[in-house]
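Okay, got some structures for you below.
In the two complexes below, subunit A is the common chain; its partner is subunit B in one and subunit C in the other.
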Partner chain A sequence: MAITSIKNLKEFSTANERFEGAHLLCPGCAHSMIVRELMNCTDDNLVIASNTGCLEVSTAVYPYTSWDTSWIHIGFENAATAASGAEAMYKARKRKGTLKDPDAPVKFVAFGGDGSTYDIGFQWLSGAMERGHDFTYICLDNENYANTGGQRSSATPIGANTTTAQAGRVSYGKKEKKKDMVAIMAAHGAPYVAQLAPNKWKIMAKGFQKALETEGPCFINTVSACTTEWKFDPKDTIHLTDLATDTLMFPIYEIIDGHELNILYRPKNIIPVEEYLAAQGRYKHLFKPENKHVIEQIQKDIDAKWEYLQRREEARV
Partner chain B sequence: MSRGVLATEKRGMRELGAEEHVGWDEVTQGTLLPSFEKDVDAAHVRPEERPYSDFNSYTATVASWRVIKPVYNRDICIDCQNCWVWCPDTSIVSRDKQMLGIDYDHCKGCGVCVEVCPTNPKSLLMFGESEETEAALAKWPEKKKKAK
Partner chain C sequence: MAEKMELNEIEVWDGNYAASQALRQAQVDVVAAYPITPSTPIVESYGAYVANGYVDGEFVMVESEHAAMSGCVGAAAAGGRVATATSSQGFMLMIEVLYQASGMRLPIVLTVVNRAVASPLNVRGDHGDMYAGRDSGWVQIDAFNAQEAYDLTLCAFKIGEDMDVRLPVMVHQDGFVTSHTAQNVKPLQDDVAYNFIGKYQPYEEMLDFTKAVTYGAQTEEDWHYEHKAKQHKALMDSRDVIDRVFAEYKELTGREYNRVEKYFMDDAEVAIVALGSAVETARYAAEELRKEGIKAGVVAPRCFRPFAFDGIREALENVKAVSTLDRSCPMGAMGTLFNEVSAALYTTEKRPLVSNYIYGLGGRDFSVAEAKRIFKEQKAHADAGHLTTPIQQFSGLRGPKLGFFETKRGN
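The block that comes next holds the complex of A and B.
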């Protein structure tokens, strides 16, 4: 197995970087932290496909590329299709014996933002999962269409102020709840589905390695704090992700074979969600007296979800 | 001639956007940009030994984005590599489990490295872009006592 075992951060830091600097992602963007970690946690050859989104437009600004591996971009919705097509081609050529180096380990990875995963590329992703290609799909979930100015997506949580679901006198922002993509992907019967966060680098690296090793379609939802649209200081990216995981806004867990749920991180002290909301400009309006009920609603939803996850884990079904 | 790990020959030689632009109707559809001049398995080759092509963004710089920059103090650093794992711009240079310094061609000055630094006082601090490294190091704060 070419994947290096990662025991501690010092050992991890000996990896040879394959994601180059001078990409145009915002300072403090969590996208590149996640992508770097994926590319550093394996030595295998990678074939990466990207949906249109922040990651794609920033890392392939003509005439530059920031990728030291094979990288494909086609359209907004079809990174899953491109990766599964490349994988099918690879398998066929392996069978026919026309590969230059048939023993070299190759892994297929697709990246998409939450807009292209939850909304626009949903059908394509679902198709690729159902066909059972051997690839890993990683969703960089920043909860809005950050590339085009912060429109709402179906990953935007209730109460967030976005450019197409604005908070003001009559509205408190987005009124609908966030779609549970992890559960939907688990319902496809995928062998490995997880929700991970970059602040817990070891859990994330292990999750990535597990997904790459697992044969079949794997889905990983990663929390990617967006300094521009969530409206916080770029230096606080990791602090904010800490708040997201410790308030259980983003619980970290995995689902194996569509049923076996494991919680990967249990915060020692569960922080009330107010602290997470107060750290971001997009929730500022929720602290007005007339919007207090939204915060209560969010807290109630989080508690119910955590209760559900714990009982699912206990039940082993 | 190689300029060492922190400043290799090709790194950051061009300002982004300084290249000649072509109109939207002149761009070739379906472009292939090779990252390297010849076939290389990047997973097993150190950045300073790779044959980067001019298309690789490694050869570009975003230094002009910065208004504040992180300054690194080797004397306090414990090589925990927190800054390395969370740097979004591949700008912390580590070799053989040791932190060597900051890649100022690709650093955008976000300040994440300073926030995640666990030492007391921090071994990375943000200073104004025009501040000289020696002057910044001379201003380094003393160890803070823990509030009881």
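The block that comes next holds the complex of A and C.
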């Protein structure tokens, strides 16, 4: 049974206390907001698998755990496979009648950062999506390897300064564009794929519920603003996320059955990307005269993507 | 309910098929696997059981061996019986997760069909993969033929799932020589085999939501050491359970297994210590040499892990010379069996002469003639009262003779 009436954020934030407030994530980290929201939007039992990353190292340091539900972490790359295995065991035991409570609904969820999702765990995720396990994979996308101190990932946008793609005298930071993971997951034919953001919490909760209720493998990319590596004041996490969604740097949309695209949020006033970039230390160098062309490029890419998403939505193909 | 299979009193099975039948009879809940030569037929046979209604469990064909063991870990933490199979490169790819499976104390059964490790690429049998697993925290049991591959796979579930053990178990057999050679195998009927293993007992399972469980936590310098020491103790303590399970299996089938297998050791003067199919070759050679008056015997660690330090010592302390045979290239050191056996014998009064042969790499055949020659060489050592050859030599190697290290013990 899912919680259906979501009206009040304060009420919702305490709907289902299965993720303890005591954890080691940075103040201002959006990970915990996203995880808490996922766990609050359903009353079903949850089996959660986490890849190695910020979330994992911050929530299960022996002898403590922040997880008041079944939780497993194996390695950097295999949360999707751990969830696959657990889901297969659930099916086998249900068939054989060996479950303690065979009628209780169970949902299987895997969390990974963009490092484990876009890079090191890409194969494991693709395999699990192809096999069609009934689970939801949620990427906490903070666009860098934050747990190891801010190295580039294939989710890092062009122009961002990271420790392994540095801005310097002859470099404007990362040269490559961000991998389009949402499209790749949709291309697996997954029944539900979406990109969501915690500032639009009602949309996010509905998306989570849709994914949990959809049979088969679902994928959600969530923007998780990283105060430490994006370099902004921890109190500004949601403000930063507002800028991310309202500049359309992170458009909010879903793709059903691999093809039906719906835009879930249209900003009333689309903000120029400059404002989003200027709010973060990782883009500071782009405002030097010699790097202005990168900002222009980012804006151009955003406009083209938004145009593409709208045409895809209109085309209903 | 899964269909039962009527089996003949004696079947003609190869090691792979024997292992697959044991997995079927164990009514495994989840098999997550990825095929690799020479263990592929285990997974294929299991696929045939699934397709024809002989299996109720889930069969998850993943995209790599790393994922196979990852799926097994997720499944085992969810409270049911889990097994898979692999070899060589697949085993190497699994290694990261092997440590995680044992660290989380999950009783998974892995049938390993031993094969050489590249480079150069080689699909034939040696023990390079088995040796790479020796610090992974798994019980490692070695089968020397198809019958044993079947018997010991059944035993593996009962050992690993025992509440006093709760550790993953590997059952090894030699690639091709055992895995692809059809032999007479006496199987148990389905009910008898399943009842021997018993119903799976879940422990701290993820699908019991009355009690939240956290698997795979982080521990740093404050707790990691204690966890690892406890895991080592569990592996050491599994020795009693292994003995008990072997005793129960003997009662059921008449077939006897011991953590250290001894052959002609009561009065042996010279001995070979080996693993895998070479054990049977050495036994045959010992039998032949006995006709010539050489008191030859064979010792085989049935359990590679936990290593029977005391059992090996007890078996060999009265021989004069022993050759340890390693089917894995130690790369810059003495062979593993040499090191383990020497360490055990160093603690004895008489300290028999110990030497080391590397043999059979990449599936190079190990012959009776070779085994006889090694025995005779031990006899020469024994008669001389000291080693008459370098301590480490290579058997069956083409090209110039290789030998390393001289003894410093006088005669």
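The criterion applied here is as follows: the second predicted complex is superposed on the first by the 305 of 317 C-alpha atoms of A that agree within 3 Å, B and C clash if a C-alpha of one lies under 4 Å from a C-alpha of the other, contacts with A are read in each partner's own complex, and residues count from 1 in each chain.
FYI, contacts are C-beta pairs under 8 Å (C-beta built on N, C-alpha and C of every residue); 3 or more make two chains touch, one makes a residue touch a chain.
Here the structure is a predicted model, which is why all the values come from computation and not from measurement.
Colleague: Put the two structures on top of each other at subunit A: do subunit B and subunit C fit, or clash?
Modeller: clash
Colleague: Let me test your reading of the model: by the given contact rule, A:N45 touches which partner, first (subunit B), second (subunit C), both or neither?
Modeller: both
Colleague: What is the contact status of A:D101 with respect to subunit B (first) and subunit C (second): first, second, both, or neither?
Modeller: second
Colleague: Could you look at A:A167 and tell me whether it touches subunit B, subunit C, both or neither (first, second, both, neither)?
Modeller: Neither: A:A167 stays clear of subunit B and subunit C.
Colleague: After lining up the shared chain so the two structures overlap, which partner does A:A22 touch, if you call subunit B first and subunit C second: first, second, both or neither?
Modeller: first
Colleague: For A:I238, using the defined touch cut-off, is the partner it touches subunit B, subunit C, both, or neither? Pick first, second, both or neither.
Modeller: In the superposition, A:I238 touches subunit B alone.
Colleague: Once chain A of both complexes is superposed, is A:T65 in touch with subunit B (first), subunit C (second), both, or neither?
Modeller: After superposition on chain A, A:T65 lies in contact with both partners, subunit B and subunit C.
Colleague: Looking at A:W201 after the superposition, I want to know if it touches subunit B, subunit C, both of them or none. Which is it: first, second, both, neither?
Modeller: In the superposition, A:W201 contacts subunit B only.
Colleague: Let me test your reading of the model: by the given contact rule, A:A86 touches which partner, first (subunit B), second (subunit C), both or neither?
Modeller: second
Colleague: Choose the clashing stretch of subunit B with respect to subunit C from the list 26-34, 44-52 or 62-70.
Modeller: Given the superposition on chain A, subunit B and subunit C clash at 26-34.
Colleague: Would you tell me the residues on subunit A in contact with subunit B in one complex that are also in contact with subunit C in the other?
Modeller: 45, 60-63, 65, 67-69
Colleague: Can you tell me which positions in subunit B touch subunit A when the two form their complex?
Modeller: These residues of subunit B touch subunit A: 12, 16, 19, 27, 31, 33, 35-36, 41-47, 50, 54-58, 60-62, 65, 79-82, 84-91, 94, 96-97, 103, 105-112, 114-116, 126.
Colleague: Help me check something: in the complex, which residues belonging to subunit A touch subunit C?
Modeller: 45, 47, 49, 56-57, 60-63, 65, 67-75, 77-78, 81-86, 88-93, 95-96, 98-101, 104, 106, 123-124, 126-127, 130-131
Colleague: Subunit B touches which residues of subunit A in the complex?
Modeller: 2, 9-14, 16-25, 27-33, 36-37, 42-45, 59-69, 198, 201, 227, 233-239
Colleague: So in the complex, which bits of subunit C are touching subunit A?
Modeller: Result: residues 29-30, 32, 56-58, 60-64, 66-67, 70-80, 82, 96-97, 100, 200, 202, 206-210, 212-220, 223, 227 of subunit C touch subunit A.
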